[in-house]
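Comments concern the structure below.
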């Protein structure tokens, strides 16, 4: 479910963003509390062992190791690589949002260019519209886990009314080892072409516009498929993950409070709780979580796209527009600025 | 209200930007003075306590804590993460500006392609144009707080003349749990289609162009809705905010002037007023404020888009263009370069 | 006036860019020499006071202050914020260039689709073309200071032949508190529509293409207006300016040569002239000047767009294309590769 | 073969990315193990020589050299230049993916606009479609090593059924020293034009849409060719490679564990295995490998595009759509939301 | 001549990029060897003077100067500013490549929509196509030094067969102080319009498509002109160049090996050859060279676009497509997957 908070930040105000820090749903806390717990646990374990179980000699050794780790932790350019990587992932995420197949463009064209208030006309418009929605459902099934759960088989798609049993039979008779979301698109075009011949679509221009629009929708679908098929190169993701994990491994040891009496530089104070290291954990791990959450926006994360809602809205709205609202116009009256 | 200052910086001149530093409206000072006051207050409080109320032992401890905080304050990569985050927010902000639904393209097409200087023709053109403006108003109501205040209910939209009472009835009779800004678009298309049949629109080409234009406007609207619905992922905003707040928390303690007689490195001088820390506060907090102000450009900040002005201008200009100016041409005369 | 130097750097050569360092027009030196002089003056003043007028005690104090400033000067992330800010400004600058309203697309369509070599045909084509140029002039007047100087009133536009007195009267009779650059566009469309009815434009397709083209031009105009109206958020500009100015303030004190005999680290040498600090001044202040110069490319800086030239070229070329060159074709002869 | 892992990361979960670290195919380990082995070998060699074969004097010298290398290793801005370079390469890589020539748009248009269920109609549609596929194959042959292996000569293309022997003869008779992938495009257009004259394509609008679509496909092909022809400037690649290799050269010596008894700063501990240096190797070399793998996505890397699959899918699907499915529609029946 | 190396890096392999390091043509070595020699010379000169000609006192002074330079060399943010600048230049470079005016789109449309296999038809198609090529040549002459050398005067263009002598006369009779590459475009459109009237172009739709395509080509040309006219702001280039040059100036002195016996920190070792400084020179100067080479891609650098080849290819291929191949189709035969 998408986390919408823009109305909360409409106006910049006194420490405006601090309210956002107190949310749970979709928040960094919800995403990170398990990793955070683990980190704290390990840190505490090391701390306790160092303070109470190590011999003096072991302590000295551990201190050296800790200083060594601290030095190298600082050399890992986590910030930089995260910056570039997250920018890449965020761009891909938004492009996927932009390519969600909405039926709105098509429903407008169908509603105004496919004539006839009789039953045949209604059937024609509704069927065309249904093919559009069916295409979306088919592509969503292959990219979104949430939709796949809702429609685990084609049978479920039929039951939900997106497909008739006869269409299903034809669909399954078309033998192709590849994804078949383009089949309803071809049906749509052939049906539109037939409607043109029957005079329900008046003009070639009208027909071509319809074909271009459905081709646009198909292009959105195939873009979604492309994003699913060809992800961020695995190596890049691994490099970033390795960098962050290495950093925290180094931090676990390198950010321990060492015995102040040993006089190591920067270790004059024993606070027991490493406030800044923990904040840094939230900071870097949170940044990586941004990527983790957005790299596949069709999952079931708090911030993923609500694709099932999109499907329902599309069906409801588009049938309304092409059927009930077809040529059902309010009377024109003079507006209040007439003269 | 948008803060326009480009004419002030038309020419690069002697310390050209310094004049911008002296403005109040929309300025960093206006946005930050409360946070700044709080920061100064807390800083002073700590400073006073350290100087006058702490025992020697407490002072030594505080000094160590301060040095510890200073070290870590420098390790927080605020600059970097702010750079990437603000770039993201600024891009989204500008895209929203680019997608504001202006009626200009449509008014030109309607004015020249919907024929008839008689009353019916006028009514047709004005009604089409009104539907366009109505669509904008409906979408603005759902994304902009300022417009929502102006038109809290549909009744207000009717009163302002964007909708007739009959249209309102039809609008409300269409049962859909979803946003209904697309309804006037469907009306528009069906009305245009009707005008085509009545010969007011001469050609299918003219009609299709109108449909494509209105679809373009609808796309702008749905893009605005998309930006409102799917914001910058909450986690990202939280990560950045956390980083900045942590930095200032660390600064409060870590940037105190310590007793110069203790000989801590870099603490030879007690200036009482931490000029550079305060400037840094302006700098980082100001950068975050840029994001805070732009993340929802439809609020009531000094720098937010003047959507209510857009609505008024759209209505006035578009009715002018399709009615008063329709086929009202100046006589053609030879220009001064005729030969 | 635009500074064109690309032919100077066509080939990468031995220290290829060094020739660019020796130019004056549009150069960093011309833009910065006043600020540079001021900086040197202040630096020298401080240096002289420190060396000759301060007592020993004051010297020690000043040295501490200098070291303090030096430390903090390095902490201001000028580079980073400048990098992001200048990238933003440069992108906006180029987008404005891309959106300059050239009449070339339209002149080609008008020349080949508006028929008739008789006087009426010529008048038609010239008038249409004049409306296009008029639109550009009107929008340029509102965004460019240079054009505004050339045409301070509408009267000047009429005198320059872009508008007839009758058109001016009509233009002024249209009451609207908003910018009126769209008026000639509406005239254009209505005139084209009339020409279609009179058969001068043969086909709806031809007409629609003309309308789409003029709409494209209008979109460029409104984009220019948008860039002028909604600038880079003031806060962002202030943040960057503050950062740079603060840096130089800190540099003035922090980069003084301190008495080498005091043995401060990194202060073993007294060069009197702070070569690198001055170069750094050129570097950072120059980078900021890039932004200052480009933030409004319609001013009168050396590197601003030559909008007045654009206006002249547009008028001359477009009238040539639609009138003198209309259907004035060279005889077709076989080319030299015929067989 | 593309490595698809998006379904693995649909939901952000407890250390969500760690599962990705354990994959072999397409992983950083598979790409880097040879370089890694070499690096370890050299490091060990140096370490052994330093520890066991050097005289005391040589040891001291080596230690100085090592410290010197360490200092400079840190000054090489590998991170930064890699960040910018990889961003460039990733953008180019994705643009190439976006420009893969899919036949889907065309097959839809051909299926619905080229009439006739008789043999001639079928032949027409299949031939048009074959030309489309042939164009893709020809361009893929010139950019992709995998496709070039599959179709080493034009004869292989003929054998695979993309070209008839007669077409091959004509193709080879056209004398041009340049790439000839545009030839089937011209055939396509001329054939479509012929079909228009024969009435198989009803309307000029239909024909023009087909021409525009094939032109779009041709544009994709020529874009792919452009990316192949004009790569990332060699100098840029060399600069980045030099930086990374230099860094590792410096690391080999500079990151040796020096004798702790010599008391060099930061060298109090001898761990024998330089964990962090090895991780850093994975990190930087992995980042460079991202670029290496993506700079030509038409090779045979694990993460390269499966172009041969694209060719097979295109042929199978497109023939299905224009032939078997042409005007083969399911009966329209009322959907379940009819009333 | 473009340096194509993508086939060399099709597969990521063992130290895959190292092969690229050994190329000469278009390489960093070829571009930099002169600057490198100069740098080495100066460095050696200073080194020799310091070692053999300076008195002890002068040595001490020089050492202080060297340390001072070293400190400041590190403060110059060369990497950062180069990163942003090179990104800008690379983007502009690629956009120029994308806007090269290829005639392919037009030749397809002309070949299929301008009817007639008789001589007049051939003449028509060839003339139209020649105008397209002429436009490209005219714009290339004004932006590319290589093309300007090939066609120093219009006479050369006529001789090469792009223009007939009569066309040249008309071209020169059109008085305009501005670039005249748009003249053949106007001829093209008027000729196409004439062909429409004569029935050679069947339909307004066909004509309009041709006009739109030629307008697209004209837009590419004017974009190229725009990139040539309005370059990267001179100030930006100067800032970057200054930064790099300053850095190397500082390096010359600051990276000298100082007498190890003086015990300066980090100066315990005298290697005589400053390996890392030299590598750094290659690195930074090479990065700047990337910009220098790409800032005007129409020169004669190894990596510049081969515009003369583009011109030849365009002419040869486009005449083939519109003349020899016009309606010259292979017989349709059933493909091998017919059933």
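Labels A, B, C, D and E are assigned to the chains in the order they are written; within every chain, residues are numbered from 1.
Simple rule for what comes next: contacts are C-beta pairs under 8 Å (C-beta built on N, C-alpha and C of every residue); 3 or more make two chains touch, one makes a residue touch a chain.
Keep in mind that this is a model prediction, so the values were computed, not measured.
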item: For subunit B and subunit D, chains touching each; value: A
item: Subunit C and subunit E: spacing of chain centres that average the CA atoms, whole Å; value: 24
item: Separation of mean Cα positions, subunit E and subunit A [Å, integer]; value: 39
item: Of all residues in subunit B, the ones touching two or more other chains; value: 31, 80, 83, 87, 205, 289, 293
item: Contact graph of the chains (line, ring, star, complete, other); value: ring
item: Starting from subunit B, with subunit C taken as the next chain, the full ring order; value: B, C, E, D, A
item: Sites on subunit A touched by subunit B in the complex; value: 2-7, 9-12, 14-18, 20-21, 23, 26-28, 31, 74, 79-80, 83, 86-87, 90, 97-98, 102, 104-105, 107-109, 111-113, 202-203, 205-206, 209, 266, 268-269, 271, 276, 279-280, 282-283, 286-287, 289-290, 293-294, 303, 305, 313, 316-317, 320-321, 324-338
item: Of subunit C, residues touching subunit B in the complex; value: 31, 34-35, 61, 64-65, 67-69, 71-72, 75-77, 80-81, 83-84, 87-88, 123-124, 126-127, 130, 145, 161, 164, 166-167, 170, 174, 176-178, 182-183, 185-187, 189-194, 204-205, 207-208, 211-212, 214-215, 218-219, 222, 226-231, 233-239, 241-243, 245-246, 250, 288-289, 292-293, 295-296, 298-301, 315, 319
